[in-house]
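Please see the structure below; I have some questions.
Here the chain labels run A, B, C and D in written order, and each chain numbers its own residues starting at 1.
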């Protein structure tokens, strides 16, 4: 036996929790009544074993992740709490559900009466922000889950102005900040949490991971992801119909996935309509004997139609190599990164559409290319019931974590349990589709595309 | 009283219908049993009246349109019928429903056992077509209505090769051709019908109007239109959410509508999320005091978000005036028309997106533009129940018309009744949104956009 | 030529309209700008013609129905208007859309600032009602169309207390009442309108027809009907799957339709899954050589599954004849009518399920019966886009009618145009499925059920 | 440290796998190509840890569960395989997806060309069954996933006739049986597997767990469950609208859940519309100070509407106590169990509706009760994309397990990994909602219902 894994998952606390929770629960197991979460309850993070060697973990102290949920003793006196919530970055299905769950849990379970919604992401917290916080209560958030988007608005950027943001929190007497966002947002939240501790303030910063690309580590699946895949499936279905019903039809769908192809991979598994699933983790060539265009040609000649599903971050290398003018991302800006600090990507969908058209013109084969970019339809969709449930639980667990005095802590779902993770660990590395693992293997089985489309 | 209207709606017959229909119905009214349609049953086309003058129609012979439906006497002996169906042009929700209804009605009601599905539009009928007809029966068409598109495939073009097509029909011994398509397809069908009569053949040509733009005259609403609007509404809903939740968000949605803005107009009425509905019938300026950009600026400054819905054919004049490179339509071809003979349009959505971005950059106002082009998602959608009902009835009425010996005849819905119209009249003029009429008035009331955005 | 039709469609006015409308429109045709509706614009109601005899209408004065829409001159000074809206009877998709459209049109088009929502139908207007009106404005009605039902609540009953209701209107200084409801509600509205005139008051009463059964005369199709059919189609789809996948499965679905089988008839046309469509207008026997059970037996033996779709009002005669205890309607009350004055129906779905089970037990044939009653799911559904458009236009037209001084007037859609009808005519007779007409003929073609299942 | 958990998860093999798989994969990690699953790869089942004591598992041999997936070496020579698949019990969303995935994986990955679909569950395998197997190939299963149900049909019963079934398998030369079903089906499958081994036959029996109630142990979540919850959410939404919009409206929805309330619990978490969630695991009283009726009364008096969501197996104790006639389950049979051996339940929905009506009549409080039973609509729904993905992977993993020679083995998802479990362990105990655990705690937080409604 050896120690396989050495992340330290212990999360930070503002101080000792000494106040009795206003939530009435049982402390005993066996009485059939719902229990508080005990401070020592945890699960193993690393669960791989080896039947041959019996090799497994030895110490749960390093490998264990504490469970989220309501505690018997809490840190904050509810009467003194001014809670706040902020949503950052691109839209994602479920944001309103999270907001609603956070507000309802503060209000109904802890009787917190001051809850502020920060507008337009961190830009609502920077110095001289023109955006005033919104007062939130159960009436304001009633039925908002039926709409996509976030009632608070969202924006990229602002997260670097850590000192200004902490100044704002102090000025407003906020002692809990729930930040909903992706990689950049959470990194910002962690820095805000550090600055708070440096100033000796008692403000809890709790993160809720929002990444439609599902590219955060230590999170089984991010909220909105299921809705995103469901909506992408409709677009692929449309592309398949268009391709199938034209002479040599090529349906081309671009979905989100800057660095990780999870949406594309899952979408390809849902319907078996996809013939080529292209993701950032699996580079491919266009030209050459083993290139995409050659394989596409074979498919067209043998089956008269094809569907290509491409993640926005796939094939970026090809675009960089390509000479001449390139399709730009949605805005015309020449900046190399957006306000969230994400690298601006060239529009690989438009690029690929044009290259396919050129290729088949040269080959003198009639093709009919139908290009669909459903990104904004996906991002703005209301959460489906599965995501609604997930968001409602995520939001409540964030509130419990905050009230218990956790800070710089992320709410995560791991092995189907809600847990606390240090934000810092979660943003340290991205989550990629493992091209040697089970998900990608199943995609290859479904699409029956070549294992590699790189020339040697 | 005067004669307001002088279309002659009488349709052509191949000959006298003398064979008793295998469909058992009642000839008497009052016995509570379903009746055959009597050859003289008709409705008025022109129904406008004037309460002040009492002015109305005098002669129903000119103004009357005959009702569609099963006749007691039919022209073709079912045992000798070889029926065929062809679907042409772009996809439209409901094509499979129409195919299914046609096949089922021939098979179950008239016991016709030879039904051929022509592949890929008229290109399946031209000389040396590589596409063989498909044998159709109720099993083949079972459940096809659950899929979008057409199981027969579709294509543009081929319709000009009238002689070749009639040769093919003769060679295959086809005596009924049901053609499903738009303006160009129907014009082709009428010419095929003329050529057939010139050759003295007994082949019935029946048209079923398919135009997702709803731009055919004398047809209350075309099949698939309701599904198209429903799907467009989802895209607009997404654009609204994206716009509303960003700082100065502009949601821009492009929908179908080459010459007629019906989809855009109806979509704008469904949700009240649209602030500017732009259609080909209502030209607008971009620049200037009364131009779109100026009005958009006001909206953004006062409400911080806006949604623009544009039909693909709107603002084409602006594009032609515009210097420099223009966004091209989906294919790169430099031909000025597509295979259906439609003028190729420049992509007004991409054009407008860029002009808006430029304008606000110059005005130094931050905007976030989200552009959605849901066209292929709309076209490939399966028919909703409303369109399913419509298609199932259209298909059956086409079969009844064919069996009765009508030719060069279109099945239409007029004042909520199924009628026969000469194809020739239906393609003579397009159907436009009347900018002085009730529909556009209601759009203006909903969007509260300026009545005109032209500078004087 | 002779006079076929003699309804007098002229509607009542409170007085001469002399105030200029605040809505700016054009008075001229040909200038491309949206026009006011001219007071003499109308359409013919009776449009049947006879090609053989040339028989048609002579006088448009009797047969003509005036068009709805904004007038150049209005009766009420907007500054003095206190408008109200009430929703009565069972839920129906689209109620919130209508409320929203009415409020928005009063507010944005006429600048009316006092709009009251009456709660729980007429019970919010009777003497000593515990339900206070709700103040309505565009913010209150924002997004309510995303929810089914009515934000005002609804109830049956109260409509007989005409004097009390007029007292309440007087007391509240209401001068416009928009009543949304069915047969009973509209009859009540007309009596309220009469009482108002008797008292010499200047209160406009406008009806908007709401009948999920689509059983009102002179209305092409009622709002919510399309959504209802769409939702019923899903239930039938489920019944078909359940029936098809069991050994001798029988799927039985009950839908609304107390006296008119329109929902059942349209639903049967949407999918071709229905084998027996049973409606009130087409009585049937259970037993005997030509009875339903015998035909069902044949179907089961030949195809091993069957789907029956029954309107709630079908076969009531059979239940009355049946001895023994009968399944009761949803409430246990022994009253013979409900609060709306509708006759209480026995639950024909449960009855039929039991009779089928008994019959096949006796016949010693295994069957698996799956019974679905989707009524409340249908009634509470949010309006689909098609109904949303319809409701938004209905609501606006009701406001235009009210502002013009019309009273005891119903907004209707006839031959696809919005018109004014006297309420009194609309409630004089019900709309039934004509079993000799085109709709029922098409149902018979789709289901291929016997034309009659009565024994002779 | 101590040994917490002692299930033995090792699965049975027909013999040594010595044939090279026709699936080309990599044997090396690090080369970026998809890998075979190594025979020793496994995960821990028990993953709870204790941060305070460091207590955790020591030996992975007992606690480890082997991973499912394609092996380098397989047991069966694909050329000699005659595979079969059978679907048993009630319908569940996703059955067709599973069938399709199984057929496609056999056909495309292993080149197996004899695949038989057994009709109507085990009844297609008993002696003298009238139901012939269906020949399956990729064309037959194309697009079947768009329909609910199972193309093979299903039935309860037949599973006890183990010897007859094994005789049939022998007679047909079947060497792989994939059985899709719940508790009873799987128990049957295991007995079939035992009989096969007793006879010394080489037939692999692989189970795929199907339980819409989600009540199987060692399975994270069963396929179709997510679709079921999504569909139930719509019914609850309808009930909420109906309740909210009536005077003292009570919406009552009954969902599946014979012994386990997972559907009800998840549905209650999705929308926060549910006020009382009643499940079998949490008994309640109707009468008395702490009974449901008293709490319902309080809710109605304070909020004027309420929504109750009840699992079909909840409150069965109350029904047994109740005197007089009881509502029967769907069939009239007097047998105490159905053909699957499940105890027949009384219809608690109808019972509760009547008791609520009686109670409020006695209390002289007007209530309007709307009862919805969406069971068959839920069961017959097509799988949503999430379940489609799950089913497509389950099916493929079953094929890989069978080809590797596993038998009496169940494919399961555990901690988000596909694993092999002995069927015998999975059916040994049911999965219940832990009323002291996180799920039920979150339900209580959402509904804010009393922790217990039992009188002391």
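Following the convention adopted for this analysis, a contact is a pair of C-beta atoms (placed from the backbone, for glycine too) under 8 Å apart; a residue touches a chain by one contact, two chains touch by 3 or more.
These numbers were taken from a predicted model, which means no experiment stands behind them.
> Please give the intersection of the contact partners of subunit B with those of subunit C.
Per touch definition, common to subunit B and subunit C: A, D.
> Work out which of B-D, A-B or B-C repeats the contact pattern of A-D, with more than half of the residue-numbered contact pairs in common.
Matching pair: B-C.
> Provide the C-alpha centroid distance between subunit C and subunit D, rounded to the nearest whole angstrom.
Those two chain centres are 42 Å apart.
> Using Cα averages as centroids, what's the distance between subunit A and subunit C in whole Å?
46
> Where in subunit C do residues touch at least two different other chains?
147
> Tell me, which parts of subunit B touch subunit D in their complex?
By the definition above, subunit B touches subunit D via 143, 146-147.
> What residues on subunit B touch subunit A, complex-wise?
91, 120, 123, 147-150, 153-155, 234-235, 237-239, 241-242, 244-247, 251, 330-332, 354, 357-358, 361, 369-374, 376-377, 379-381
> Show which residues of subunit C lie in contact with subunit B when the two form their complex.
Contacts found on subunit C: 24-26, 29-35, 37, 39-44, 47-57, 59-61, 63-64, 66-67, 69-70, 100, 104-105, 108-109, 145, 220, 226, 229-230, 233, 266-267, 269-272, 282, 384-386, 388-389, 392-393, 396, 415-418, 435-438, 440-442, 444-446, 448, 451-452.
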